[in-house]
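Naming follows writing order (A, B, C, D and E), and every chain is counted from residue 1.
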């Protein structure tokens, strides 16, 4: 039961792996430079950044050095890793490394777009519900709860099956549409506690409109939290996309890490011993998502002075 | 308390209605006509036969009445446990098809969810107090929770199944056996069950361990922990309290994760050709069996709803703050 | 003599450097004495209180000794201290509102705690109930969760709990700040009563409300910037303070009936210095109306009259 | 100037608003120019709620809050904007009144954005400095700093300066000193006293009786949302007519005078 | 409607002791897969979707079709004779149903008359059949209003006879919706048990053919494993846990050469017999596919070899330009082919386009339509059909090289069905002209008229050619051995190749790979090996696969 102005504990919940916030607001108080200072000294953050940017650069740059598409038959079929084909070739003679690099690109697109959209929706819903309270809150809360209990994958499967998904961005959008509820919940809880802060009243006395209050007063206070939320959504979207791709509901006009695994399995790479076809894509996803999670913990330590000193 | 449950129930009921309605709407307004599918399948060639066949199948699938009536019928049938007829497995009733697959899925899901939750929390709590464990278990947990279910599945199937040949990689039990309760049979069931279970368990385990570790660190920082320490309480007691309190968000976390876990199970079943729901759903998609897909979807939604509700009840039982009705901001 | 603190130095470790929150503090609390500790925010009152019971993991014992009943407290050794906590030193923390585990019934909490100390809950319970009754709480609070209690009730539960084993010394940190005037009074008087009944022998009441501490304390100790400024019987501190800081502090307190239009009160200009790099010499120098050259040297904390100690060059003369 | 007529405020609690809590019940009071009215009561007695209603941040469930005869709760958009030009508030906790993420002087920028968009920057700076001097702050000390770098007293004074940027006639001061050190309290109180002399009306909300008397002309004692006693401050304090007021006064710790008998 | 037969794991699928447990002796059991893609749930031979073996192992047809000799051979029927518009059918003697009752002409009549129910797939039989009369217990006489010989033969070997004594009590609705658990048939096997992932048949004690034809099926048990995916089948096959996989197993060519005890029908490419023809189908109602020159250019732009080798690794073979399956080689008119056939030749494709007036006016590398507008054609293939998706990519690449902008698209299979049925597509791949008793089927598939709003299973190109359609109908009424048959086919081939309403590309294989660890003497191209079709696919038992079971030899 939620009473205006109060929160049940159930509402204030972090997804597993999401560190619960000790304090609703980590008051960064303009210590941005300080934050950066600590961030750059935090091994977790730096390590994760290196991994992620490494993959990002690979995804962005590698495809530029070749003039054929990732699906073209360029080499001998089913050849193992070699100097010419670093990650070997598929049964058709496609360059696995090329697919891999392009797949990473899709992975980032899905993460950014899917995570971004989910963050946008989740935050909007959370902010509005938390700030307005009352009936609006009740309704949005209900919506959130509904979407929350609907198993996202099942919904996505249904949607994919009916609508069909042709491109990576489209897939990302669908994923984004169904992964926001926990964000909405968390943001709502935070907004709830922030909106009773007196600076919100002061902003209102200064003639600020509600949306401006949310955007210019409340959101900046949660920026670190929102950023961490986005990171988790990014990782979640990547995993979800990989899952969908794997069961053959991925984009049809592109290559992605999930699709690589899908075709590897489809074309019996396991039995034919073509491990280079299915090991790299999964490893890349694990590395990227894992790095994101680790970065999240690192950032938590950076943002939260209590943890910083442990 | 009653109001709390009333409210929860209302939300669940509403979710259910929305899910059912969505479920009803989508196939009716999307491309892919089940009647067409049946007509194509039955190889009707002469034009005269098409119209009566169409009428016949429309009747079978209940599509020959006005939309509103179809909607009402849908609900009525639903409450009679009737989810319609499968197109792909025509003429099998969807409910039947699903019921046969569900035991396998549950056999994977329940143990993997509960055990991973239990073990993850234990290990997470241990990691929070031991630097050594923290430095080993934590990175492993991160890697695990970031692993896509199917990839872990593929690796296990490949490594332990195909290369090492220790475990079978298809089916619910050996194809050479007829079901009975002999040791051989049960052993075969377990052998086929193990790898899919393991991959589900491992991925979920990582998430819980990390969650618990982080939560417990926050709990150990809490005021009540310092107070106990100031009163000379031994670490053991403080840790026990911290663990107990950290479990609460993990319980709600479980509710939040159910959907993800179910999806994980579906994909894992596909990798291991385990005869559960995941497989059925994949086939339903590939065969445009929207009725089956709908049924499976509904089933999952109901399952998740029920599980959520159970978790809600458990939560109320273990957290006094929800019981008093005068909760403070968490 | 119950408590003797000698040249206690404690600092906080931060990434920006050490904060020397207690910088050479020496005093004694006699048997049966209630000592009020006052001062502006951030002058180290809570740090003093915490140091005597439990240094949290950010605090570091730099120097000095603490003895209770002649026995030295190993305050730097968290484990060794456990033997003294609860029995010999105890604390009511500043955060009493959140000091109880929210998911345990009070009774269970007490039982767990006693159990950990090798005591029987069943045997202790009658005494517990009696003390609860003394602070006006029914036995049923033992079956309640903390959330079911009001702030004042929680405050009193913590009071009873902290003193359950009749500690020699109780540190009460801002126990009344969050309460209404009437509850405030009740809690404050309970503290006195506990002392009178011998549940606690010596008490350190940390607060910034001088008027309140004046009501219950035998002695008042004024702190400034991690050091002691003045210590004297409470009447003396209120009526004839010697340290300029104490004088200004008391002068800034409005009395009921004082009117702006009639008598203007004045505050103390400026702010206390930061403790990361405290100034040399008398730390109050910058704000002190009487400051003179000698203040560049640190004044000793000396007894100028019976039981009256001051750290000011001007006060001694 | 400000009048409250039989104002009540009821909050709906519970999942579907099925529990009610009357935070303010039939409160009537008025504040005239140059007058300081103290609103005194224990925690939860509805003081803040009244303040918020006066400021238009909440609307009364029953009764009318009027300013110069205009009903405050009916104000919207431009009219509300105009109202805030004349009526402003300062709140209890200076640290939470400043958004910790931004520099403290942003409160001035907000006023400019909200009300004086057309004033040139240089001129605006001039005005801000004048206002800061008005609250006896050295602009160099407080501008371009983050809230945590300033003291509570400085922050509270900045907030008053902010209000002074507008040609306000009424200030709602909600426990503006309770979070401050005894030494800084007095400065802020003295400042209010001076402003009052220049014709500003102040609704002074506090739970501290001693402070209530220091600057106020009239005092209103609240209990559980209801007015138990109201009148000239002198009268209320020297000659309380209500039992509750007497108990309250008795519990106040005085310097130089000990509590007589225990209050249970 | 619990399909929980005798030995099904109890309600809800949990294994129960019912039906007895235990293992199937390995040397008596044949493990197969490739037919059943979902849990077995229907043993009703009348409606499609029945469990593997329902027709073939349990129910049987009157005739088998022998693809070697391309003629029917008697099975339940002893013989059948045409006399003008009547066909007299004589049943073999001594055949009984598995419940012991004899098979009679009444059963045949009853089965044929089921077609009067509109929902029975062969209901159109009754548009040209007028009556069935029972002459005596073993003789039935069919009277036709329009004797379509080819179509009738098709019916004779494709439709199983069901026991009247059991079925007659069922209502019309029941007949088309019942799961028909515990089927009572005449075939060599009986239902034993099933589960989510398997279907188990058990050999029946006295099968009529053992006596009558000296045919004895060797496996005592047939365990058909439900396909979850082809790669799973490959795994089981490699481990020797499966004996016959009728799955599409890419990469099998490597394994056949290796030491894995895995064999295919041919030891070298194409490894498999051919099962059907994969066709590129242009929508001839749309420009520029309505222009035969354009279609010809498209046909020459496709490098089928690359599909055969690159995508399939040589387990399929390129199609003859006529598209007729290899079994009909005798009907391929080489003259027509050499004169009108097409082959991969990008230059020629370009020339054909140029000659027909298609030019690249905007220099984007692709020709524009005759109206000057850019041409962009989508070639649709169902998402998830990975081999076809790859093939579509090859086709598009070839077309683009020739200047035709073809883009592969992979809609959901349902959307693709809709597009193909409604005719909204540009280009589509389809292979529904499969192995059958007569080339008539193939041409019926290519030329069928009239064009309807929805084309369900033929002439997706929506190509209208009355002459061709008349020839197809004529073919239906012509006996295969009459010389007329051959000339009619030649004429059809000529029309097909000059008009190219559909472009035959390659023959999909009759996927079949065997593991010889437990069973040997599999069908093979080797000299003395059996030549039966090595498959468990539905409809193929009746083409002689059933005989494969009688030839198998257990490894001791």
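The working rule: a residue touches a chain if its C-beta (ideal position, glycine included) is under 8 Å from a C-beta of that chain, and two chains touch if they have at least 3 such contacts.
Everything numeric in this text was worked out from a predicted model, so none of it was measured.
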| item | value |
| --- | --- |
| Pair with more cross-chain C-beta pairs in contact, given A-D and B-E | B-E |
| Distance-maximising chain from chain E - centres being C-alpha averages | C |
| For chain B paired with chain D, centre-to-centre distance based on mean C-alpha positions, whole Å | 55 |
| Centroid spacing, where centroids are CA-atom means, of chain B and chain E in whole angstrom | 38 |
| Centroid distance [mean C-alpha coordinates] between chain E and chain C, Å | 92 |
| Cα-centroid distance, chain A relative to chain B, in whole angstrom | 21 |
| Residues of chain D touching at least two other chains | 14-15 |
| Set of chain B residues in contact with two or more other chains | 3-4, 7, 31-32, 162, 248, 270, 286, 288, 319, 321, 327-328 |
| Junction residues of chain A, two or more chains touched | 1, 3, 160-162, 248-249, 265, 270-271 |
| Complex contacts: residues of chain A adjacent to chain B | 1, 3, 6-20, 22, 142, 145-146, 148-155, 157-163, 182, 189, 192-193, 235, 239-240, 242-243, 246-249, 258, 261, 265, 270-271, 275, 278-279, 281-283, 285-294, 297, 300, 306-307, 310 |
| For the chain B and chain A complex, residues of the former touching the latter | 3-4, 7, 11-12, 14-15, 18-19, 23, 26-27, 30-32, 142-143, 145-152, 154-155, 157-158, 162, 207-208, 210-211, 214-215, 217-218, 221, 248-250, 252-253, 256-260, 262-264, 266-267, 270-271, 281-282, 285-286, 288, 290, 293-294, 296-297, 300-301, 304-305, 308, 312, 315, 319, 321-322, 325, 327-330 |
| Partner chain E, residues of chain A touching it in the complex | 71, 73, 77-78, 91-93, 160-162, 164, 166, 248-249, 252-253, 263, 265-268, 270-272 |
| Interface residues, chain D side, partner chain C - complex | 42-43, 151, 153, 181-187, 189-190, 193, 207, 209-211, 213-215, 237-238, 247-249, 251-256, 258-259, 262-264 |
| Residue ranges of chain E in contact with chain A within the complex | 229-231, 234-235, 238, 249-251, 254-255, 306, 310-311, 313, 383-384, 386, 389-390, 393, 409-412, 414-415 |
